[in-house]
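Can you keep this structure in mind? I'll have questions shortly.
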Amino acid sequence: MNKKDYLKNPVEHIGIKSFDSTKIINAMRKMSFSARDTAHAADLLGEMLNDAGCTIFLCIAGSTSAAGCMQIYADMVKYNMVDAVVATGATIVDMDFFEALGFEHYRGSPNVDDGQLRQLYIDRIYDTFIDEEQLQICDNTVKKIADSLEPRPYSSREFIREMGRFLVDNAKKRDSLVQAAYENDVPVFCPAFSDSSAGFGLVKHQLENPADHVSIDSVKDFRELTQIKINSPVSGLFMIGGGVPKNFVQDTVVCAEVLGKKVDMHKYAVQITVADVRDGACSSSTLAEARSWGKVAAGRNQMVYAEATSVLPLIISYAYHKKDWQNRKKHHWTKIFQ
Amino acid sequence: MNKKDYLKNPVEHIGIKSFDSTKIINAMRKMSFSARDTAHAADLLGEMLNDAGCTIFLCIAGSTSAAGCMQIYADMVKYNMVDAVVATGATIVDMDFFEALGFEHYRGSPNVDDGQLRQLYIDRIYDTFIDEEQLQICDNTVKKIADSLEPRPYSSREFIREMGRFLVDNAKKRDSLVQAAYENDVPVFCPAFSDSSAGFGLVKHQLENPADHVSIDSVKDFRELTQIKINSPVSGLFMIGGGVPKNFVQDTVVCAEVLGKKVDMHKYAVQITVADVRDGACSSSTLAEARSWGKVAAGRNQMVYAEATSVLPLIISYAYHKKDWQNRKKHHWTKIFQ
Amino acid sequence: MNKKDYLKNPVEHIGIKSFDSTKIINAMRKMSFSARDTAHAADLLGEMLNDAGCTIFLCIAGSTSAAGCMQIYADMVKYNMVDAVVATGATIVDMDFFEALGFEHYRGSPNVDDGQLRQLYIDRIYDTFIDEEQLQICDNTVKKIADSLEPRPYSSREFIREMGRFLVDNAKKRDSLVQAAYENDVPVFCPAFSDSSAGFGLVKHQLENPADHVSIDSVKDFRELTQIKINSPVSGLFMIGGGVPKNFVQDTVVCAEVLGKKVDMHKYAVQITVADVRDGACSSSTLAEARSWGKVAAGRNQMVYAEATSVLPLIISYAYHKKDWQNRKKHHWTKIFQ
Amino acid sequence: MNKKDYLKNPVEHIGIKSFDSTKIINAMRKMSFSARDTAHAADLLGEMLNDAGCTIFLCIAGSTSAAGCMQIYADMVKYNMVDAVVATGATIVDMDFFEALGFEHYRGSPNVDDGQLRQLYIDRIYDTFIDEEQLQICDNTVKKIADSLEPRPYSSREFIREMGRFLVDNAKKRDSLVQAAYENDVPVFCPAFSDSSAGFGLVKHQLENPADHVSIDSVKDFRELTQIKINSPVSGLFMIGGGVPKNFVQDTVVCAEVLGKKVDMHKYAVQITVADVRDGACSSSTLAEARSWGKVAAGRNQMVYAEATSVLPLIISYAYHKKDWQNRKKHHWTKIFQ
């Protein structure tokens, strides 16, 4: 097989408006196990949307954007369900920005010869394929953006905002998360920004500009994210996967305290994950455990044990059709940094 | 809290006709990860339904019947999607027959004081509660049925058929799997029948009738199930969970060989499970592994990694609305044993 | 590759006397996560061994016998750490009895062409290979034993006892679990006995003797196992995997109650498993949940989240070297059935 | 219970010299499932140690340092088994540096009232407790170090080196990973450094020094780590958990390519994890998948499916006693940055 044979069936991103999951969620609420947990997660998102002044943080780890959930995240921003995003670099750069540049992910298989893929410059994420040559164009676009900026330390949020600005004029695919966030004043943070396609571009940028260059200051990220929390009397977390985004956003409560500001714990928390609590890692730690750290309040949190592509579309389609977002005021958190 | 406070919110079983998952499954087919696996499982069930002469075995392990999927299984029989059932004793007796007698499961929580539940005679399955006193009535009903039968070894299928016959006159809830199977000549096998509420009733029956009593011969189960396989040029497996049912039905291919009959491997196989392949147990073993044993053919099988309550309703609602079952001939396998 | 190339490296069963894990377990007791759980499981086994009159039930599900733990189970019987065994048919017949007949399991790989294995009549369990032609000899041996017995319903325990008797004269490998259990009056139960190599042999036996034959009555298994529980003022469970064995042995407490005998819950319980509690199945259900059913007492139980081959050798080597078994009286439970 | 009652049993870190796992690993090599995988991982580490010029990267995610494995990591550096470390901020700052300051972790339980813990300022990691007031001292120490440095962007490696220098004079507990790495010229990278106790200290530092301050440039981390890879003709990865460290170190191969340097893929790779491949996340992605990305070579890699506290001590004790590290030349990679 040649490269084209592998890369012929693009992943198509599910649209939350294209079907209505209201009846399913309503039925799942009366069931048990993961079905009921899924309905409860949808209900908690509804409570967040209806809680006046509540800042909703969307946290994304893992590869669900490559796997067909990319439009969901962009729509959550567009339909005012999200006030700030904390994500892995891969989600924001390698997947979302990458598709905004006109590239695609492809439906593949986990049962393939990875040596052959390597020779063809095809990268694999479980059952999904990517053209590595296109990824390199993505790297270089990040470099070009860095080259165009004033040399100084930036938060990842500041840099991603420039990526959004770039897309306004240059996107081949409208409707990316990066662009929607830019246009809606929703800040996007990647606490480990270099750990992505952006890292390659920025390393190149720094090596070509050894004396004076853009750097990414993750401390500044933490300051800015905490500032949002300090300005939010009420907050909720909607998390896909765990990892650094989960820990980072939870820590804002503690960070505010460190800075002498008394803030409330995150009042709501939902996490969709397959991670297992018994390994003691943050990704898998329960939301009850987060309470001991003073990060997440008791009572309004739900772990949903599922691979997210199977339940997230149901939850967000439900939220879209329930329309709680329609009367919600916009936070425009980006503006506090201007 | 007293007993009534714990047992006030019954589990309501999701109806596959009450919503239409066609659009969701169609969208999931173009995604990746578990979403695409779910769509592929739905497509394979469709292929089984359209393959003239294919015998479809439904295998059920775990507690999904208690968790809101009970009506799905009954409807699969009613709408001619299933020709034989292989299940755990708990699924058939403690859950399905139990509710047919007029009892219910209740929505509870995993975070409770199990000592208190014990005192109140409430049994817990993860987040679901059962009134143990009602379970005892179920045990006794099984005993009464045994008392009424001619003393000799029975296959579990023969005995469950008597339970179905009993329900025709005595059911408080119509539409149980046991009754639907009886009425549609769909045989139901429990290879570990005593490992259930039925076990309690049968032990009592034997102790009261030490000389001459009903016994359950699991060898006969194996003979009968293999006979169905021998009569089926084509067969497919639709499995929720793994355990004994999965192994038992797969082994029929080998058993036929042992008996000198050359039969084809199961042509189709779907399994929905959260079990992990790396522990080497049968529940988690891949369908590829089953091929080495000569049990499952290559090419038309799919593992779906999910807790079944979250994806099974989507798959079966899709199958129901696609209507492939309408033109299917009925096998009436029960009749070959008469 | 031909068959010999696949079947050249036999699995060698680890010996609990060949190394001393005392220091490791002592260190693990002061750690966290699975290390501490492992040490705690070893301590609970020690408590069971020191509790005068405590009946210890060993429950085995999964394929650890094929994977190098077979000698551990035989030694637990030999060194008086176990009073009754409840296991899957595969563990007892396909693995243990199979090797007693002189056959072996082979170290293989999960990354192979299962179609090729099929052609060579090699069966695969994850990364382990079996010669299917040898398995058929095992089936036939079971048939021969059945042919030699008086036709009537047997409990699996009665039948397995005959297999042990057969091995006394015919074993190629001494020291199997089946033979050790026979020689030490330790009863062995397989509640789903037909779901194994034995099933093939017994089906053949019944077909050749349609009028008068051996049958396996799993109700009798339940009666006998409950009788042991009724005679044990104190009892403990040591479980590898879950499945039918776990549920069956736990249910003896309830069964005793059904029979009008007031018995205590199982006082101790250890389970080594990788199953995940969130799917609501019995294999994964916590021992706390079992308390709500009145099966397992609070306080002295431990789930160890691990694939058993990695931690079981440490636990049993520790128990062997601690020598608590030396002063233990033997129960000889087999004798109550004679 | 008051605070002292919760914090009375400190976690004691297992010593790889205090027991000898050679016999166990040798036995596990002839078994199957995770036992054999564990032995294979130990063998691959041996191969890395014996491959002249091979740079060994130790990657640590999750909380094993808090759970009793802290001394293992320090000893791997001390006994020349590791040439560079890539870890989460929590591992390096909240756990290792924290204990170097004289504090401890405590053995607790997952079944506690997290609200009560919150009131007492006790943080919980699954079954392990931490005194949050001591963590704040750790934060402040990081701040003091930052205050003492020339204001400019630092890589996390540069900053952690200053933490090591600080410990030489101020450590209450010798033998920390941070100090051992400093003394042995082993660079330590935290690609998401702010996502830890260090983040709190650095935020404070920046707020008190708004004009001129220390920042942490994760792009510089990536440049430096890639420089080590470029200077290493051969390299191997020994990974506990996944997350950002796993991805970051794997990406150095691609980053080198981006910079126009042709380097070989990582020749060896071991990962110990409980993550499940089917969720498509990096933590769980197989090493075969990494091959498609050109990151990890075929043939010499092993996933060990286990919670690390249970198998890591066996693997490293084996490596220690096999003494392959004795003849190994030291890389002193820190020196290339001076």
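As written, the chains take the letters A, B, C and D, and residue 1 is the first residue of each chain.
We adopt the following convention: contacts are C-beta pairs under 8 Å (C-beta built on N, C-alpha and C of every residue); 3 or more make two chains touch, one makes a residue touch a chain.
Just so you know, these numbers come straight off a predicted model, no measurement behind them.
J.: In this assembly, which chains make contact with chain A and also with chain B?
T.: In this structure, the chains that contact chain B and also chain A are C, D.
J.: Which chain pair shares more contacting C-beta pairs: A-C, or C-D?
T.: By number of C-beta pairs in contact, C-D is the larger.
J.: From the centre of chain B, which chain's CA centre is farthest?
T.: D
J.: Fit chain A onto chain D over the CA trace and report the rotation angle, somewhere between 0 and 180 degrees, nearest 5.
T.: 180
J.: Using CA atom averages as chain centres, what separation in Å is found between chain B and chain C?
T.: About 26 Å separates the centre of chain B from that of chain C.
J.: CA centre of chain A versus CA centre of chain C: separation in Å?
T.: Whole-Å distance between the two chain centres: 47.
J.: Where the centres are mean C-alpha positions, what is the separation of chain C from chain D, in Å?
T.: For chain C versus chain D, the centre distance works out to 39 Å.
J.: Scan chain D for residues touching two or more other chains and write them down.
T.: 32-34, 63-64, 66-67, 125-128, 274, 276, 278-280, 305, 307
J.: Considering only which chains touch which, label the overall pattern as line, ring, star, complete or other.
T.: Contact pattern: complete, every chain touching every other.
J.: What part of chain D is in contact with chain A in the complex they form?
T.: 61-64, 66-67, 90, 110, 112, 114-115, 117-118, 122-128, 132, 136, 139, 153, 191-195, 199-200, 202-204, 206-207, 214-223, 226, 241, 243-244, 247-248, 251, 254-255, 258-259, 273-283, 285, 288-289, 291-294, 298, 307-308
J.: Residue numbers of chain D touching chain B in their complex, please.
T.: So the residues of chain D in touch with chain B come to 32-34, 276, 278-280, 305.
J.: Show which residues of chain C lie in contact with chain D when the two form their complex.
T.: Contacts found on chain C: 9-15, 18-19, 21, 23-24, 27-28, 30-36, 38, 63-64, 66-69, 105, 107, 125-128, 274, 305-307, 309-311, 313-314.
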